[in-house]
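We just call them A, B, C and D in the order they show up, numbering each chain from 1.
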Amino acid sequence: MDIKNIKSEFPIFNQKINGKPLVYLDSANSSQKPKTVINRMSNFYETEFSNVGRSVHSLAVKATNRFEDARDQVKNYINAKHREEIIFTKGATESINLVASSFGEKFINKGDEILTTELEHHSNYVPWHFIRQKKGAIIKFAPVNEKGEVEIDEIKKLISNKTKIIAITHISNVTGTIMPLKKIIGLAKEKKIPVLVDGTQGAPHLKLDMQDLDCDFYAISCHKMYGPNGLGILYAKKKWLEELPPYQGGGGMISEVLKEKVTFATSPTKFEAGTMQTAEVVAFSEAIKFIKDLGIENIQNHENEVLEYGIEKLRRNNSVNIVGDPSNRGSVICFTMKGIHPHDIATILDDDGVAIRAGHHCCQILHDKLGISATARASIGVYNSKEDIDILCNAIDKCKKVFEV
Amino acid sequence: MDIKNIKSEFPIFNQKINGKPLVYLDSANSSQKPKTVINRMSNFYETEFSNVGRSVHSLAVKATNRFEDARDQVKNYINAKHREEIIFTKGATESINLVASSFGEKFINKGDEILTTELEHHSNYVPWHFIRQKKGAIIKFAPVNEKGEVEIDEIKKLISNKTKIIAITHISNVTGTIMPLKKIIGLAKEKKIPVLVDGTQGAPHLKLDMQDLDCDFYAISCHKMYGPNGLGILYAKKKWLEELPPYQGGGGMISEVLKEKVTFATSPTKFEAGTMQTAEVVAFSEAIKFIKDLGIENIQNHENEVLEYGIEKLRRNNSVNIVGDPSNRGSVICFTMKGIHPHDIATILDDDGVAIRAGHHCCQILHDKLGISATARASIGVYNSKEDIDILCNAIDKCKKVFEV
Amino acid sequence: MELKELYQEIILDHAKNPRNKGKCNDYNHEAKAHNPLCGDKVHIYLNLGEDKNIKGLSFEGEGCAISLASASILTDILKGKDLNFTKKVTNDFLNMLKTKSKITLNSLSEDQVTTINSLSGVQEFPMRIKCATMVWHTFLSALEKKNN
Amino acid sequence: MELKELYQEIILDHAKNPRNKGKCNDYNHEAKAHNPLCGDKVHIYLNLGEDKNIKGLSFEGEGCAISLASASILTDILKGKDLNFTKKVTNDFLNMLKTKSKITLNSLSEDQVTTINSLSGVQEFPMRIKCATMVWHTFLSALEKKNN
């Protein structure tokens, strides 16, 4: 596979949008899917489908093997220590809700503190808000500076002996800031505070190595990683999965069910109640293969080239204001334009086939802090090229024409 | 479409299992998918995929429209009063967990009673067990009689002024008992007690009419209804969705997010945190179309014919003991054989291409009551025929030969 | 979908120079709304006289060109009008966007009809319909919400 | 996958007439396990002497032919043997099912080797491997769990 021609692996690009080629710059929202992933899913339904882990007939055996193979592949890809540390969920949102609920239920009490940042996506705040409400806990927000970074000293200052968990993003989906995770985790380890990383934006772009990173929890959305909808991953250190109570109750996650009491299976089953997304899980192993075949470092280099080209080109445009200037940025450019609302930008860009997103991107706290109600966001995936950036910039000039600014 | 030849709509049957045609009698576990459903999913990923509800570009518009159209189709199919009453979940298990958690959190207190039956699947017990633990509530089990029925008088006896909710299955996935829901709901209404129906086994086989049934909550697993994996539905009366607190927190379900407090969107969004299973939802509308085109009454008649033929034929076999004898049975036959364990039956049947399930089918309480640790289950879907039953019965005779009983 | 249909001269004019911005004098009704998906906000102030006439009508808000123009046009056209009439115009407007029709109201001047119809281009942009309609819904709520 | 390989004569014999069923005399170690997916249960009782010999060994349980035969064969072969030797046989057995090999142990009689190898047919039935292995794992736990 050649990264320059990788678009041809994605069927979505075989169409015109408003008569123009599709320029998809909305991958931070959800990525497109290569045909290997799409075909694996159909093919699985056509030839191997059955419920996993429950029946002993041939189809069930096949499906179960494929499903558990996929777990091994995820384990290897993110370099987790044990396969039991990989829990399949509905998405990063569910992964974080699982931890907030199970960890919060057991370990967070009145007056305890949850440390997070002003950069977080609602999915890494609202679940903690629920625990704050239930337990009378406190959420502390490490402030973001004008560059869109969270300074490590600010985090240090906010850690107290009441801090029960640190919940922090890997890459901001607004400023693109790549967080200094190893430093933060180092700090936390000193105080024996567990760290949850919202890896939703990190996983599609950066090399993952759980043993090296040494975080306690890492949340992933497969649909942003060229995988299918409706699937996420929670990586959690084995000791936590042993200690935490289960999250949802139902078929498969039990050991013994009596009228008076219920005991639970061991991980990962303990956290996988009900029928799982077998076809999605199996197809996701093709997404991992896609990434591995290209090489995540190659993907990252390619995306960074496009990103830097984009930032430079947008900087030269006087009407464009790029949000944030982190020294370490990944895959995302949020911007505003004088006199043109991001919503209008998105609509005008779409007329040229350019798909971006406008709004607060589920980061209202950050937008409030920045004093803007909405931004336009171009986000980059493996299929984007410098030509896409050129088309984006032309379309931006068209916005100015339409609005006569 | 002709119900006699409906197998040809399902690609899974284009293969041999151990050299024999596949006889799939495990639909209560998960149903196979017609090609329209499989193709709609690929086609959606290939031409229309994007995240829903969040971006304004053309792909997002298409995806959002398809997604919300599917909600309307579900609403119409189950005859709900409002489209806002349809919540998409990961499966029936999640639907029930949602209600147990949100309803339980707000309305169930120490000493309150949850009324359920001995027939329930773990997915309609363990979530209530969690609430029992958290709140110090009590779970009461209406007993099952030797026919596998729950007598209405037993339910009446157990209703008290402490009963806060009744959680009950539509069809038992072990005995096949179709519950007298209208009577039970009538009783409950008199006392103003809300009723949750675990419709997992009901939805694929019976006509659904929420306004007529008048239950408060109804849980569905789409994968048992010829739809994709990883998708479920919670129907809930609007007034409940307004009153209940949200379940998971994250993107999309909010109204305003501040550091001090969070307010929430209205239903259905309030209960749909994070990126949804867009492709699955869109493909599920093809499953509904499939069922509507055949006509649920025709499906039911066809399945009942096969079911009755099967029961009669198995009854004539002296070594076979059918579990339960409800006067109103749907789609499921559980049985045991003298001297042969259900696990062994399942393996030997598989050698003849016959897929059944063996175990306690996530109903341990019921199996304990029946005094058996496992049963073999043949469950019927639209693609099954009397010939399938004949092959099943021959394979059962083979079990006797292998075991020399 | 024609971009020019959406961003007509009239719309851009109202968006750039919104009429009736701020709090009108002696307002006795108000309501606000926001769209959590995009961050648009609107706040309607109105003075409903004893005689059921809308004596004052204004708005505050933030948002895209469509939402600002829609608010500006709404206040411009409904100010000074009779309560029932404003309800009728509002319903007709919301209906126009639902059914892809145009508005024809004898009691509005030709100019006003042209102005209000300038928003009909939104019909072809489903994700933008809420931008145009939110302020009209907010206006209806404001009518219900008397301050005390 | 050959059904005959799975349900060999020896297996059916052990399944129908399991050896060493019940509680053995003076057991001082025990452990139990169950498989929540299928309801199989097993309980191992053993008498480990001061001399590190397994003096008594028996089981109680419910389950399929494979699990009963496996328990019966285990107790039959390991009873009276030296602790270290039983651990070695157990590991070899578990390894046999993992790596699809056959067992060859000089310290077992030819008969015993044939008996234990009769369970190797399970290799081709992945969903049934747990049926065969659960009792062996339970035996290992029992070795660890001294009663007091």
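Here is the rule we use: a contact is a pair of C-beta atoms (placed from the backbone, for glycine too) under 8 Å apart; a residue touches a chain by one contact, two chains touch by 3 or more.
For clarity, every value in this text was computed on a predicted model and none was experimentally measured.
Which chain maximises the distance between its CA centroid and that of chain A?
Relative to chain A, the chain whose C-alpha centre sits farthest away is D.
Roughly how many whole angstrom separate the Cα centroids of chain A and chain D?
Centre separation, chain A to chain D: 47 Å.
Between chain B and chain D, tell me the centre distance in angstrom, where each centre is the average of that chain's C-alpha atoms.
39
Centroid from C-alpha atoms only, then distance chain A to chain B, rounded to Å. What do you get?
Averaging C-alpha atoms per chain gives centres 31 Å apart.
What's the distance between the Cα centroids of chain C and chain D, rounded to whole Å?
Here the centre of chain D sits 80 Å away from the centre of chain C.
Quick check: what residues of chain C touch more than one other chain, meaning two or more?
In chain C, 37, 125, 127-128 touch at least two other chains.
Mind pulling the residue numbers of chain B that touch at least two other chains?
Answer for chain B, listing residues that touch two or more other chains: 18, 54-56, 60, 252, 254, 256, 343, 347, 358-359, 364.
Looking at which chains touch which, would you call it a line, ring, star, complete or other?
other
Judged by the touch rule stated earlier, which pairs of chains are there in contact?
Chain pairs that touch: A-B, A-C, A-D, B-C, B-D.
State the interface residues of chain C toward chain B in the complex, per the touch definition above.
Within the complex, chain C touches chain B at residues 34, 36-37, 125-128.
Over in the complex, which chain C residues touch chain A? Could you list them?
1, 3, 6-7, 12, 16, 37-41, 62-66, 125, 127-128, 131
Flag every residue of chain A that touches chain C in the complex, lowest number first.
18, 339-344, 347-348, 351, 358-360, 364, 367, 373-374, 402-404
Show which residues of chain A lie in contact with chain D when the two form their complex.
53-56, 60-61, 64-65, 252, 254-256, 265
Considering only the defined contacts, which chain A positions touch chain B in the complex?
Going through chain A, the ones touching chain B are 11-12, 14-15, 17-18, 22, 24, 26, 29-30, 32-33, 35, 37-39, 41-42, 45-47, 49-51, 54-60, 90-94, 96-97, 100, 121-123, 125-127, 129-130, 139, 141, 221, 223, 228-231, 248-254, 256-259, 261-262, 273-280, 343, 346-347, 349-350, 354-359, 362, 364-365, 368.
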